[in-house]
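Supplied in structure tokens, the structure appears directly below.
When the chains are written out, they are named A, B, C, D, E and F in that same order, and each has its own residue count from 1.
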Amino acid sequence: MSMEGSSAVSDWLHHLIILPILIPLMVGAAMIPIDERNRMIKGVMGFVSTLVLFVLSMVLMRASASTEGFLAGTSVYQLGNWPAPFGIVLVLDRLSALMLCLTSGLALAAQVYSIARWHTAGHHFHSLFQLLIAGLNGAFLTGDLFNLFVFFEIMLAASYGLLLHGSGPLRVKAGLHYVAINLAASSLFLIGVSLIYGATGTLNMADLAIKLATISPENRQMVEVGAGILGVAFLVKAGMWPLSFWLPTAYSAATPPVAAVFAVLTKVGIYVILRLSLLVFGANAGVSAGFGQTLLVVGGMLTIAFGAIGVLASQAMARLAAYSVLVSSGTLMAAIGLGHSSMIAGALFYLVSSTLTISAFFLLIELVERGRDAGADVLAVTMEAYGDADEDEEVDEAGAAIPGTMAVLGLCFCLCALLLAGLPPLSGFVAKFAILSGLFGLSGAEPAPALSAADWTYVTLLILSGLSAMIAMNRVGIRTFWASIENTVPRVFVIEIAPVVVLLGACIFLSLQAGPTMRYMQATADSLLDPSGYTQRVLTAPRVGGQ
Amino acid sequence: MLSVFILAPFAGSLIAIFFPSDQRGATAWFAGAIALLCFLIAAGLYPFVTSGGVLRYELAWMPELGLNFTLRMDGFAWLFTVLVTAIGVLVVLYARYYMAAEDPVPRFFALFLAFMGSMLGVVLSGNLILLAVFWELTSIVSFLLIGYWHHNAHARDGARMALTMTGMGGLCMLVGLLIMGRIVGSYDLDVVLASGDTIREHPLYLATLVLILLGALTKSAQFPFHFWLPHAMAAPTPVSAYLHSATMVKAGVFLLVRFWPVMAGTEAWFWIVGLAGLTTLLLGAYFAIFQQDLKGLLAYSTISHLGLITVLLSLGSPLAAVAAVFHIVNHATFKASLFMAAGIIDHETGTRDMRKLGGLIRYMPGTAMLAMVASAAMAGVPLLNGFISKEMFFAEAIETHQANLLDTITPYVATLAGMFAVTYSLRFIHSVFFGKTPDDLPKIPHEPPRWMRAPIEFLVLACLVVGIIPAITIGPFLHTAVVSILGTSTPQYSLSVWHGWNLPLIMSFVALLGGIGLYFLMKNYLATSTEGPPVFRLLHGQRIFERVLVTLSWKWARWLEQRLGTRRLQPQMRFLVFVAIMAGALPLLLNQFELPSLLVRGIDPAFALLWAIGIACAVGAAYQAKFHRLAALVLLGGAGLVTCITFVWLSAPDLAVTQLLVEIVTTVLILLGLRWLPKRIEDTQESELLSLRVRLRRLRDFVLALVAGGGVALIAYTVMTRPMPETIASYFLERAYTEGGGTNVVNVILVDFRGFDTLGEIAVLAIVALTVFALLLRFRPQADSLEAPEQQQVQNAFDDDHPDRAKGDSVAEYLFVPSVIMRWMFPVSGMLAAYFFLRGHDLPGGGFAAGIAMSIGFILQYMSGGTRWVEERLRIHPLRWMSIGILVAAATGIGSWLFGYPFLTSHAQYVTLPIVGKIPLASAIFFDLGVFSLVVGATVLILIALAHQSIRAPRAHARALRAAKEAK
Amino acid sequence: MRTWFPYPLLSLGLLIIWMLLNQSVAPGTIVMGTILGVALAWVTLKLTPARSHPRRILRTLAFGASVFLDVIRSNIAVARVILRVGRRAPNSGFLTVDIDIEDENALALLACIMTATPGTAWLEYDRGRKSLLFHVLDMENEEVWIRTVKRYEAGLKEMFG
Amino acid sequence: MEIILSAAIGVLTASGVYLLLRPRTYQVIIGLSLLSYAVNLFIFSMGRLRVNAPPILEPGGVGDLSRYTDPVPQALVLTAIVIGFAMTALFLVVLLASRGFTGTDHVDGREQRSE
Amino acid sequence: MSHLTDLPTWAAVIVCGFVLLGAAIALIGSIGLLRLPDFYTRLHAPTLATSGGVILICTASMVCFAVLQNRWVFHEVLIIVFVIMTTPVTLMLLGQAALYRDRVEERRGVPLKQKPLREETPDETKE
Amino acid sequence: MTELAIIWSILAAQIMIGLAMAFAAYRMVKGPRAQDRILGLDTLYINAMLMLLTFGIRTANSIYFESALIVALIGFVSSIAFGKFLMRGEVIE
């Protein structure tokens, strides 16, 4: 029979799980010694790598969404062939596959965008970019707490490098704060993880979830302390108020393609909170169930409020976009904290939609502003008087004034505005609707659970944040597209505008395919809320070769 | 079939945008054809609708969440569809001539069609959420249409205001609709319309009502949200005629009618809707009188008429609802025609200011006639359609519905408003078409093109026909609409011009005569007065709005942003520390934490002594870091050394080895950086001059630090004194040798059990090295650290001063003997690295330690000989080392695939070689080789990149100086 | 020969170090040590440290023994100085002595010896004048110290020729 | 032993945190270094303290926790040391760049009114 | 695993004696660092530890492990050799640095370099 | 008896070395000048190495040897760096 053959094939296909980490890691490493003069080679390598990753993550998402076949549902990859909880395992489930897809999609867009000109702003852009993706993908895939730390560090280290890409006073100043805060947060991460290990003797998330149910009260307390401290580390990344003041400055200082991928960076914090709070402190966690949810709700709401205020107060578009990141984060945090299943599904949809939007917006901003003032270029061009002869990284004015550029840019801007404000008919609206309908529910005849004050506050904030985005985008859009006196058409490359269009197109696609997408999200949320499947798959996965 | 109503306009919009901008006619024809198509289809559907049928079309969108693309046409929706499409056709025709050649017409018609689609969507939505979708779409497209002439500041402001108001209302309405869905259990309109009692009795009824009304009232420009509409008049006139009189503003009252069966009749409804409507009715009419802008007058009149409809709907009586629907249609006809007339006047004379206009009947008698008829309809003159619906309104106003103050004053307010309506209608006609012709008109007016007037003619004809023979013309359609709303409770009503001498008729006459009288009283005042009614004109709606918007969304937001956030690092750090302390403390405080008992026994005095030193060093470092950098660094080294000894003491030789090596490299690294920091000389006076604030701030930080330190110490102590839970460590200890092939369990964990962590860790190192390298390529030192350090200047000067010495002799002498030894240490460090590398799997050491040891050997050479000296002799290619490092490590991991095992599965085997004997050959060795290679590359790259600044910066400095000199 | 074994003495030293490190005289260790020793010598060649040719191994051993005794003696002497420092401040001072050793390795060795014998601290070597400035902790008699250094110098000269 | 080590961790943390809150970049980097010692010791202490029980098995041996100390925290600390070193290097270069661009070693890139 | 208490008495005496003596010498060296009046005299202090201290304690270690583990390979020799090789480098560099700084500041009692230096501004790194 | 003597004498030695380290640390803290501090650190390193060696003897375990070896072999590198920084104002020219 072909059983043998098919099992061999499926064994090989099993390795697909690790490829989202390995491909960018190795491609990034291979690029290191290539001379900067051959930047385009690196660009092409990076493009191929991200393209492959994109296709791969699509395949993985497909597979994990199916109920049978290879990699169906939750699949486990035991690194070094050591079983969980002892070895490190990668876990592919709907959620991680979704995040992989999102990351690679954004990365592809940013990668293409960067080749037009931004990768010339400094050295080793493409290596750092690939390694950032490796870090992100690793963080999404790993099922081990300490390994998560390692991937966080990869991601952060690469993000430091990419934020500083292009150098210049603004970026360096923002980078200093960003690095300092995140280094402190990393210390918290380590303290949290090790404390959890000290109290439970395990590092595996699934194992931790199991152990927490049977642990002694004293040790449980220590786990909670550890989780609390760990949570702070994640919330710094996720951008919760008051831990997020570094974010607007850092994100708005970054070069556009970098800022575009940074949009997904905060989502890593969100992802981990979502994963851990539902896995470890889910319904099965006994006394600790629902640990920290109240704080998450309160903090999330404060973050929305702060983000919305920041959006209103922002004069520069990049800052507006950065504050939108906070709004998005806050919305997600509070939704996770409120924790109804259908709300989490909606939140997942929102996560994807808002990330795509903000990413597109970051890419768009520079194109729009390019024609208006040289502000962006001032940042990029360093004071070459002090540089060395071997430096040629002056970002040259390039790109062509394509007819209709302004119209396309304007249209893209409109779409961004609609998406950010959550106005119909695009996915920003659909996402908010999904969250709200999860909150309100369609109970009908049977009595619905009463809505709490928190629920109402959340609704209010959600609406107000949309309103603030509308007002701010309106203001900035009118100023940029309608009121500008000198109508110099920005010179842009097609490969710069195409990624924006594609990302926004993805949002439109999401709106059109809202039904199937929401089904995927609902299934994801359901599996998150019932983590027994996850823990069982992780802890009972067989080793290769038995034993 | 229904989907065509949505698809055709939107598809048309997409196509229209691609029309060449000079093809005005073609684009208009195209848009008109689409509108006409929709109209014809609607007309064709009449037989089905009039038989009481409800057409439905459903497409799944998010079926699980109850959101579907459901279209639904009943009689009322049909009436509106016809209105929207019919007036749409007429406006397109009008716009064909109205728009100037230089206007980007394709954009106009594209937006126009998009608007029509959205409006039809609102009308036809069979799903609450879909309704909200189209609702917001109308706002958005309206925004773009108002701002069509965006070079005009009024257009921009008007557009923004319209969007802000209606968009805000729409968002509120969305929430209201969501709650309604929650109450009913479905967003389907049919289900909702069948659940009136459930809704009205639900505790959330009031919230729902208020939220939905916010949507409706903002859209229909009801008081106090009315002010956006006059400013929307900056839009091209076809837009005003279509959106802001006939269709979009009707969406609000449409919604009120739509939900009338399920929401009306309660006291809350009566009060809120009635109060808003009545106020709007009166104020709108009053304001209209004092407008000088033709379109402004029409806008306020529209507001007033919408208030009239709202009042009718507030009453809760079926008959009033009939009147409301009727007036919706009537108003659309006469107001659209008036707007078009105003547009023609503007078009022909170049102004819309009534003070500048007059006597136009001589130039454009046809237009004048049409405008007069339409105005008369607006004023409620008998034999015109406006009269009939106004009579119905008066009749309903007299009726007692709720027996309260509001109910009582309705007829008086109605009459007064009717009077005002007559006044402004009369003013419109009289000041434009009669009186003396001004001689300062921008253009000489004449009749517009034939087809530009046609739409007005058609509409005025409708006014007349409906006004004279209502029962035959509008009657059946109205009935169909009304039945679809009221169903079985449809009242008996008669559409006829003459009901006999009754109170409403008397009210009409009072209004008519009073209005005429009022106009002639005020005529002279109005001819010269400024825009806006006395007193109220000071209360500029727009200015208030702008003020509020700027204050709220800009000043307060900025103030709040600054208060709630900070761009300074120190407060951010403080927050982080504080939050972390809270996060750690809360679980302890909430669950009654028991303090562990202090164990003083078993303390090794030598160990205690060590940490007394360590603590002194740490505190000293903290104390000295500000003014005595070097001292702080020395003390930091002391603390690090004690840490290393602690690792040895407590059974972690691997850690000690690694930490020691890292310690040394870190010290060199920071020293390399120290050169580029500014001088900082302690001001001895400083401590006395410190302000109280600074002292307090330091005290606060000190306390925060103490709490953090105390907390961490407490937790550490607590965990340490508790028994170890069952841990994964046992597994590693059991299998490190038998399955991992090494006796050093820590190393086996690093390269095998948790080798993936190590792979990640070296990636971090690589990334950091790249970042450092890239950043330093752009390094630009401050001017004061550009020159060579003072020591070098002094020593060079000394060399220069002495003829027997060459420049650099000092340093050569200084390092002469040391460098001999340092050079010989290079192969030794290589040996040490090899030793650590090879033994790592079994004993303390490993690839990382080896790598650092090797790179220290390199650094030593740089220190002894200087950068140039070393690089003339030894080309290290750190980037290659790094690349190869990661690739080798990863490839080792991939190698296990070939044997069918997962990534990084290690394989250990002993190989017997001649002479050498048995040697262990684990795949982990190759992995560790990668680690080694990367560590060497990264460490050397970081240090050397930093060191290179010392030769780069002066060179660049010299170059810059030279360039400056040449420039002079 | 030179091309294959640029620094035979170095390679030998490295081999010994390797054997000591591994605490083994097994053939495997020796092979590995030799390979490493030779390979590292090649790399070291690029740094071109000066070659020296120590001779007269027996005399060297005798010299070493005398130095060792000096080390012990001066340890005691310095310990004494330190212990009575509260009562009597040490009579320390700077001394200059001319050294005419050419071989830089020999100079380095001299530095090692002087450092290893407490009480004398190598400070500054003037290459032009071939004079050494050193510091002495307890300077009872300048001549004694200068003689000691000269003795070391002679011993090293004998070794390195 | 536990009490000494926890006191050490506490003091290192407190000194590190205090420096993190200071305005000079150099203070911050020294603070981060002190903090990383504290964190490393903290991680290490989570495996409990054992004297002379290094997790190095006798050849061919199968170990257990009664004879050897917990190797897991040690492995974690090793990773943390490496990452800590990398981050120190990075922060150092960033602070140098910041000083280069802004002319000051204040963490905000400009001198504040006080402190 | 062997224990220190397994040492035969003769070896124990040697080991303990050497260790104590070595530690005492190191301690005296440090006392010197503490009490000696100026930098140049203090420069001699650590050499007690690097010579006497290291030799004695390394010897003790060699004896100890040679007896306990019955192995005659003395890797502690490496420590002695390397310490003796590397200490001069440190002390030489430090001593010269101190000389330079003192000369620049024109401290008394510091031997001048051949010819007097010009008037110089004070040193950059006071500390 | 012998056992006790051995244990106590090693402990005494460790305390002596500890004190030596403490005095060195005193120089590091007190100075007065940079070279004094650096000399203090160097002394601290040497004594730390002796401490490690005695610890190895005390536990009769040669596994700690490498730590001592590293101090002996490359502990001086940081002292060199410090010294060069004092003398030349930068570590690598």
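Heads up, the rule we're going with is that a residue touches a chain if its C-beta (ideal position, glycine included) is under 8 Å from a C-beta of that chain, and two chains touch if they have at least 3 such contacts.
The chain list, named the UniProt way, goes like this: A = Monovalent cation/H+ antiporter subunit D; B = Monovalent cation/H+ antiporter subunit A; C = Na+/H+ antiporter subunit E; D = Na+/H+ antiporter subunit C; E = Cation:proton antiporter; F = K+/H+ antiporter subunit F.
From a predicted model like this one, the values you see are computed outputs, not experimental measurements.
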Which neighbours do subunit B and subunit E have in common?
C, F
Counting hops between chains that touch, how far apart are subunit A and subunit D?
1
Is the number of contacting C-beta pairs greater for C-E or for B-C?
C-E
Taking each chain's centre as the mean of its CA atoms, the one lying farthest from the centre of subunit A is chain C
Between subunit C and subunit F, centroid-to-centroid distance (C-alpha), Å
22
Between subunit A and subunit C, what distance separates the C-alpha centroids? Give it in angstrom.
61
Taking each chain's centre as its mean C-alpha position, how far apart are subunit A and subunit B in Å?
17
On subunit B, where are the residues touching two or more other chains?
567, 569, 573, 577, 604, 630-631, 633, 642, 649, 653, 712, 719, 724, 727-729, 732, 754, 757, 761, 764, 767-768, 771, 775, 778, 780-781, 789-791, 795, 814, 817-818, 821-822, 824-825, 828, 832, 843-844
By the touch definition above, subunit F meets two or more other chains at residues 14, 17, 19, 21-22, 31, 34, 37-38, 40, 59, 61, 63, 69, 73, 75, 80, 82, 84-87, 89
Each of the following residues of subunit C touches two or more other chains, namely 17, 21, 108, 111-112, 122, 124, 126
By the document's touch definition, which label belongs to this structure's chain graph: line, ring, star, complete, or other?
other
Among all the chains shown, which pairs meet the touch rule set out at the top?
A-B, A-D, B-C, B-D, B-E, B-F, C-E, D-F, E-F
Enumerate the contact residues on subunit E facing subunit B in the complex.
82, 85-86, 88-89, 92-93, 96, 100, 104, 113-115, 117-118, 120-121, 123-127
Complex interface listing, subunit D residues touching subunit A
20, 25, 28, 32, 35-36, 39, 42-43, 45-47, 72-73, 76, 79-80, 83, 86-87, 90-91, 94-95, 97-98, 101-102, 107-109
Which of the residues in subunit A end up touching subunit D in this complex?
146, 150, 153, 157, 160, 164, 167-169, 172-173, 175-177, 179-180, 183-184, 186-187, 190-191, 193-195, 197-198, 203
Could you pull out which subunit E residues touch subunit F in their complex?
1-7, 9, 12, 15-16, 19-20, 22-24, 26-27, 29-31, 33-34, 39, 42-43, 45-46, 49-50, 53-54, 57-58, 60-61, 64-65, 68-69, 75-76, 78-79, 82-83, 86-87, 89-91, 93-94, 96-98, 100-101, 124-127
Residues of subunit B touching subunit E in the complex
628, 630-631, 679, 681, 789-791, 794-795, 797-798, 801-802, 814, 817-818, 821-822, 824-825, 828
